[in-house]
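Two complexes follow with chain A in common, the first pairing it with chain B and the second with chain C.
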Partner chain A sequence: MTDTTTTETTGTKPLLEIRDLSIDFQTRGGPVHAVIGANLTIYPGQSVAIVGESGSGKSTTAHAIIDLLPGTGQVTSGSIIFDGVDITKASKREIVNLRGKSIGLVPQDPMSNLNPVWSIGYQVEEGLRANGIDVSRGTQRVLTRGLAETEPAAFVGEDLLLSGDAKRTLLGLLREELSSRPEHDRELILARADDTLVTGSTTRGEAVTILEGLGMPSATGAVEKLTSVAKTKDRVAGLLAEAGLPDAERRAKQYPHEFSGGMRQRALIAIGLAARPKLLIADEPTSALDVTVQRKILDHLGDLTQELGTAVLFITHDLGLAAERAEHLVVMYRGRVVESGPSREILANPQHAYTKRLVAAAPSLASRRIQSAKAAGVEVKELLAQTGGDGVAEARDDVLVAENLTKVFTIRGSGRGHNAFKAVDDVSFSLKRGTTVALVGESGSGKSTVANMVLNLLEPTEGRIIFDGVDMTSLGKKELFSFRRRVQPIFQNPYGSLDPMYSIFRTIEEPLRVHKVGSPKERETRVRELLDLVALPQSAMRRFPNELSGGQRQRVAIARALALQPEVVVCDEAVSALDVLVQAQILELLNDLQSELGLSYLFITHDLAVVRQIADEVCVMSKGKIIERATTDEVFDSPKEEYTRELLGAIPGASLQLGTEDLAV
Partner chain B sequence: MSEQSTISPRVGQEHFVADPALTPLAVVDKVDETERPTNLWRDAWHDVRRRPMFWFSAVLILLVLVIAAFPGLFTKTDPMFCDLSKSLGDPAAGHPFGFDRQGCDVYSRVIYGARASITVGLVTTIAVVLIGGIVGALAGFYGGWFDSVLSRMTDIFFAIPLVLAAIVVGQVFREGGVWRVIAVLAVFGWPQVARITRGAVMSVKNNDFITAAKSLGVSRGQALLKHVVPNAIAPVIVVATVSLGTFIVAEATLSFLGLGLPGSVLSWGAEISKAQVSLRTQPMILFYPSAALALTVLSFIMMGDVVRDALDPKARKR
Partner chain C sequence: MVRYLGRRVLQLIPVFVGATLLIYAMVFAMPGDPIAAMGGDRGLSPAVAEQIRAQYNLDKPFFVQYLLFLKGIFTLDFGVSFSGQPIMEVVAAAYPVTLKLALMALVIETVFGVFFGLIAGLRKGKFFDASLLFVSLIVIAAPTFVIGFLMQFLVGVKWQLLPATVGTDHSVKALLMPAIVLGAVSFAYVLRLTRTSVAENLSADHVRTATAKGLPRSRVVSVHVLRNSLIPVVTYLGADLGALMGGAIVTESIFNIKGVGGTLYGAIIRGEPATVVSFVTILVIVYLIGNLIVDLLYAVLDPRIRYV
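What follows is the complex of A and B.
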């Protein structure tokens, strides 16, 4: 479908043309070149994605387009021509005019980008008002003028939008019309009409077609008689409905805290598209959302923008997602565009060394590649977790067994009394020595609660955890202290898991000191060993966490976890916050450490793509329960549950064709 | 694959590959070994020493501290030697600020008055940080009913007006001099620090590194002492610096009202109080101790501001 539009529009003028754009940030240590000589072209209705790791300049480029560079950022050279206007030279007023009306933005974080004190509807309305789109008065005037004509034209206001009142009137008329039909039929048809007639989005013309299709021959007459048209309030509901929010009229009155992350993102999309811009910039629009929600929202966004003919500029770090959602890719690295071109071509035939690296590392692509390689009957050793032979078939003892774990939290209710909330419901699994079990689930599935119980940071309400044959609930304080040595955690947020006041040396030494291992001299030798083990230079010892990158901090966290030579490591979303290349590196490190030290991992994650690369066994969790438990191959090849299939389908890149031939990179 | 070759690429949309020499591939996630190690305090120092306001207030504070410690270095005149014949006399050689109603040298009285003000300010601040810090840290870290009890206690002390409390305490304990004033200010000044500490501790204690420490086997008390407190101390230092100035003002206020230091102790507050009767005839007698007080307080508050900026977590590089 994209191919035809490409050929058709060949030769039209570009909507956005960025030429030799350079952006500097002023810092204490002199200017930092965030973007250097970037080129980018977007044609009307086209979707383009900028892909790169954090710090590559992708967001800076996007923000320059709407002249919203943060802090000391400044365009030093180059031009950004949007629809014939050079944004780098335009006046403040011109730019304010462009924002919203011509260029919309869907920001990254749905949690902080909606104002908590205003209702959702008000915030969408703001998007209309700020751009001078007054639905109420303008449309009403058109209608009144049309009706006032002595001999009205055949049909007045075909393009006008349906109001909430009008919709209710039409539904009433439809019910009368269908009164002869059997009740069951009638309700079905009415429900369909209720769904398809969208307040503030369906035009009068469309309403006629819909109603006639549902068996109401008098539809034209009925619609013609309607004197009310969509007001701003109706349009707001229409916009929200278009963004895929069910029951939009009622939802518009609610406040952000009543919305889930996915619903907020839909509201933000509605705001971004409110003024029908020609270009929509989507800055990592779904990175904060669960995978299945992410997929639904991106599908919807794709359909909607295609229908409206809006060009979309995606900013993302996920190459798989970019290639699937955009026709054209722009790969940025260290401030420069290193490669750009048609998505499929880049994916199939990456030229620049960095793109090659990226294609090889992206977990979504890697997981797809393993899948297609298996289908082709090729064994891809280097991509899969190494368990030392056919891990699962081998007789290994269970190092950790969870039996019927249940955790009930009491939540202080708004009314009287307490509400019991079952976060974890009868969860059982076992972890074999030297293997990896992944607990996969979306937010709220209870996977982190299970991790905390395994780490003995939370007491299970029911059930028990047996570690190396010993029931942990029976442990005394002293035994618990020595148990701590044998099970260690690695957390998700590399910025929060290291004490900023502790040097790297002190951080890694702490567990040794707490457990009184060795003399100070021996401890230092051990710290140096551990740094070597996680491939950090020994000189990093004197540094503080704020000087290290996310990946480096995660290495430090791994070193700290390994200091006491544990048997089990609980990785709670340990790689989720990292850039893909770094993520691949850390996963590789974890794999190496496993085969070297015989570690067992309990790997908690929301990302099935990562699971493919590291786990031997997978437990899929949903609403506190394990709904599917099998080896990784089984889960990927023949998922039993609908939910698992949905999760698998949500891994970006399903539609991409990846040959096994590019495995060599 | 074959269909793609049929698409005629648009201008600026062909497959473009940059010159690899322009962006040589860096080793993924390499540690920068060249940069000098830094941490919060070193960063803060780096930040602070470029600010003129820091040097201005630092020099002033240092000067006031030296005056308080060794007043004899700055004047040879005895502040207690008064000559009624010179009452309200104009400045003369060796007496740059003139004489007050009792005929005492204003300059030397301002110099000797520094000690009481600075002592009260410093000791009260230390006491307040200790009491408030401990209460706030315990309340914030342990939470639950313990927090409720401590927080309500803080609120009660917060609700009592300082001057009223000083009057009552002054009636009950007539002795004590400087220490009585310090005790009153400390007992009614700690709630503010307790609140700040509690907030800071609560925001730190939910970090993953606290959980990590616990799962290493670090006890709760040790976690509080070794991980939470060092990370929560910055805002407390800021509040302490600013409130040092306000305690000096509070002492002056109490002395002005006759509730503070006894008449035998020289202090800026008492000087201001005595000078008000001569305000019409010789306003300069009021001006000098007031100016000394204002400058001292100002420099502490400015220092607090500078420290706040330097320790602001948002300003730190990640």
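What follows is the complex of A and C.
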């Protein structure tokens, strides 16, 4: 399929043009066609997103653009024309020249993409030096010229860049100048100045303009008196500050392990943009981060690239995110581009069957749909019926009650003594029989610790858990064993939670065997039933986990959890690792099983979009505490806490205007 | 960093005390009476035996003997051997040459092992890699004395490129061949370790990021692959220094070097507890210092360790 639309940029020459691109991977079983005849066009300054599930070829296409195909991957046909050069035919040297300088990359996983043994600043600086941007040397040149002409004006010169010291001096002077203003105003103006004066990037001439604009008439004189000149390290700090890293000058000296995931991603953005490339490839840049951090970083990336006029190619599996961040969408499915066009158009009117399913299933869009439907007066219950949720909780007894749960961990302090860390702080909630309670929060909010205490894998420091009227802390070994039958977990990673050496049959049968349920014959019948229940073929019994897809594995994990007919299932991020379509299927399955078997779910997740599809009641956790607890509708319609609003706002696609006419999918 | 260093040094103390105590206890428990053996067939008169016992502190309880021994170490006075020679003299004759030999072997195995390991890792699965792996397997499998005699015959006798034996000439040239023989097996291990580590690091995500930055391949390899790959190699080398010194006995006897191995062997055969304990104690000290250096190199190579 070719581009149906070239939007408003018609007339200008495309920056990147991919034509009929095919990529194969050589394997023992013959070549695997990862990309088949893909077409893609990006104009200068445009933002384009490739959307697809894992294995659709979206990352492979992106990596081909900078000639970084992993392993045996090879372009078999087609062309990638970037700025007039065909990358598939370019020499090694030409490609090294393009990388970083013309095409930047922001990789997927911030935890593994920085070298742990070099400081952050060094890794940014490398990107500058490799592409011939040496601020120190440039500064020297300007200085020599200034001295040779013995013109002091040269020191205020247009091309002399601001150093860290100079910036501090100027900010100090500005503070003095503003001393008569009220404190609140002053701090605001200073923050503005701090943001706009970028060390190693803003020239002294620009600094004068900026400072005068902020109400500092003496700026020219102050700048003229500055003696320190920008070095490469100022530029590095400036780049990191631009990417939204606070206290960049000091932070640049630190190592990756001292950074959080969000901060590392900012450093990677600084690296990707260091040499001011014309095209930035952002490969799932935030999928490893919490939603609120994700939003901040994407906002920042969007502003920055727009300011610099950089074209951006997003690679993502999240349709909501793609539609919100890119003007143009390219949908890939099994190696082929199945649809492309302006984002809004594709969202409102998907043509291809796969895109239709994608639009229907995207959880971020689903919750938007409910909200816009509500505004239009459509009953939410009807909508939720699509995914099988029963929506309203009737008055039922509490199967599980957590009272004042507190968990304190002692962590090894830096040097002397131990520090106590309160992971969970006075958490109380109750789970009604046959309903779902969702615990929502970012990583580090203590939600998984609560799950582990409910599963009795961790002992609470204080408080108690009452299961079906019995205090669990009073249980003996035997009673605990039978308790485990009634509360079962489903964990996040379907790859890690199944023993690779166990056949599917053995995996599902194991809990039955451990609890001595039935004869071998009866157990086999039960396993068959369970496979039917989770919609897996009975033939799957003889297979091993590595022969199944992620979604199938999660079905196996569900079957195993249900083997002992539990009353409560604790789902710890049970669908977070899955592609959207599979995610929707698994949520539907969980919903069906709930109404069929009367299960109660404790659903632990960081994804509010998923919550809307499954939960009756929501507890929002932050820093170990439950800060808001209400029914799902209440939380979504009238969140009381600022933090909850922030979480809701961070759902990708929140800014999209979806009409109610596309509700019937 | 200073705190890290201080902690490492403090950790040496219990290890040192534990190791020497253990050695002392084991030698103490050796069967047979060395004093009685000194008398030969005629035997010593009880008075003379008593006098010798007192001279060597053998009449005192075990712990007193051990403490006297510790005191001796710190005052660099190891006492005298049964033949009347101060043990410090024996140590001074044997240790320098073995230490020189071991360090030469260490340098040879490190330089060549890392170099060839790096190339093999970069060309994993290619012909060069496969042939290096094959050669290293042979080196590991062949006993030291086979390689030693073979080299001695070919290089020393037939082609006369290097001296065939060392004797009293402890120059670098004379020790070169023994050092190659001594370091051969460790070279093969260093090569394999480096190769695996490099091949693994090459496919690391951060290496791809470095490439995407626009760095030329030579820089990606030297800055982002090699440094990270050296961490496991350094661990191995630290442990290896001790093994080289203690294990030099075969090489030393082939090339006629009067080093630690031969002297220690003789002392054990003659049943001279004081000499044995002194030699082994110094080996322990060398080993501890080697490991301290490794810990420091570790901190230099990997910033994550500095703060632990």
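The rule we apply is simple: the second predicted complex is superposed on the first by the 593 of 665 C-alpha atoms of A that agree within 3 Å, B and C clash if a C-alpha of one lies under 4 Å from a C-alpha of the other, contacts with A are read in each partner's own complex, and residues count from 1 in each chain.
Keep this in mind: a residue touches a chain if its C-beta (ideal position, glycine included) is under 8 Å from a C-beta of that chain, and two chains touch if they have at least 3 such contacts.
This is a predicted model, so every value here is computed, not measured.
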| item | value |
| --- | --- |
| Chain B versus chain C as contact partner of A:169, first or second or both or neither | neither |
| First, second, both or neither for A:100, with chain B first and chain C second | second |
| Contacts of A:255 with chain B and chain C, given as first, second, both or neither | second |
| Contacts of A:644 with chain B and chain C, given as first, second, both or neither | neither |
| Touched partner set for A:112, first chain B, second chain C, both or neither | second |
| Touching partner for A:594 - first (chain B), second (chain C), both, neither | neither |
| Per-residue contact with chain A, leading partner among chain C and chain B | B |
| Touched partner set for A:343, first chain B, second chain C, both or neither | neither |
| Touched partner set for A:493, first chain B, second chain C, both or neither | first |
| Footprint overlap on chain A, comparing chain B with chain C | none |
| Footprint of chain B on chain A - complex, ascending | 3, 6-7, 10-11, 14, 17, 39, 41, 43, 328, 333-334, 336-342, 344-346, 348, 351-354, 357, 455-457, 481, 484-485, 487-489, 491-493, 495-503, 510-511, 514-515, 536-537, 539-540, 542-544, 546-549, 551-552, 557, 560, 564, 581-582, 585 |
| List of chain B residues in touch with chain A within their complex | 1, 3-4, 6-18, 20, 22-23, 25-26, 28-29, 31-33, 35, 37-40, 207-209, 211-218, 222, 227, 230-231, 316-318 |
| Contacting residues of chain C [partner chain A, same complex] | 3, 203-217, 219, 223-224, 227-228, 301-304, 307 |
| Chain C-touching residues of chain A, taken from the complex the two chains share | 66, 68, 70, 96-101, 104-105, 107, 109, 112-119, 123, 126-127, 130-131, 255, 257, 268, 271-272, 274-275, 414-415 |
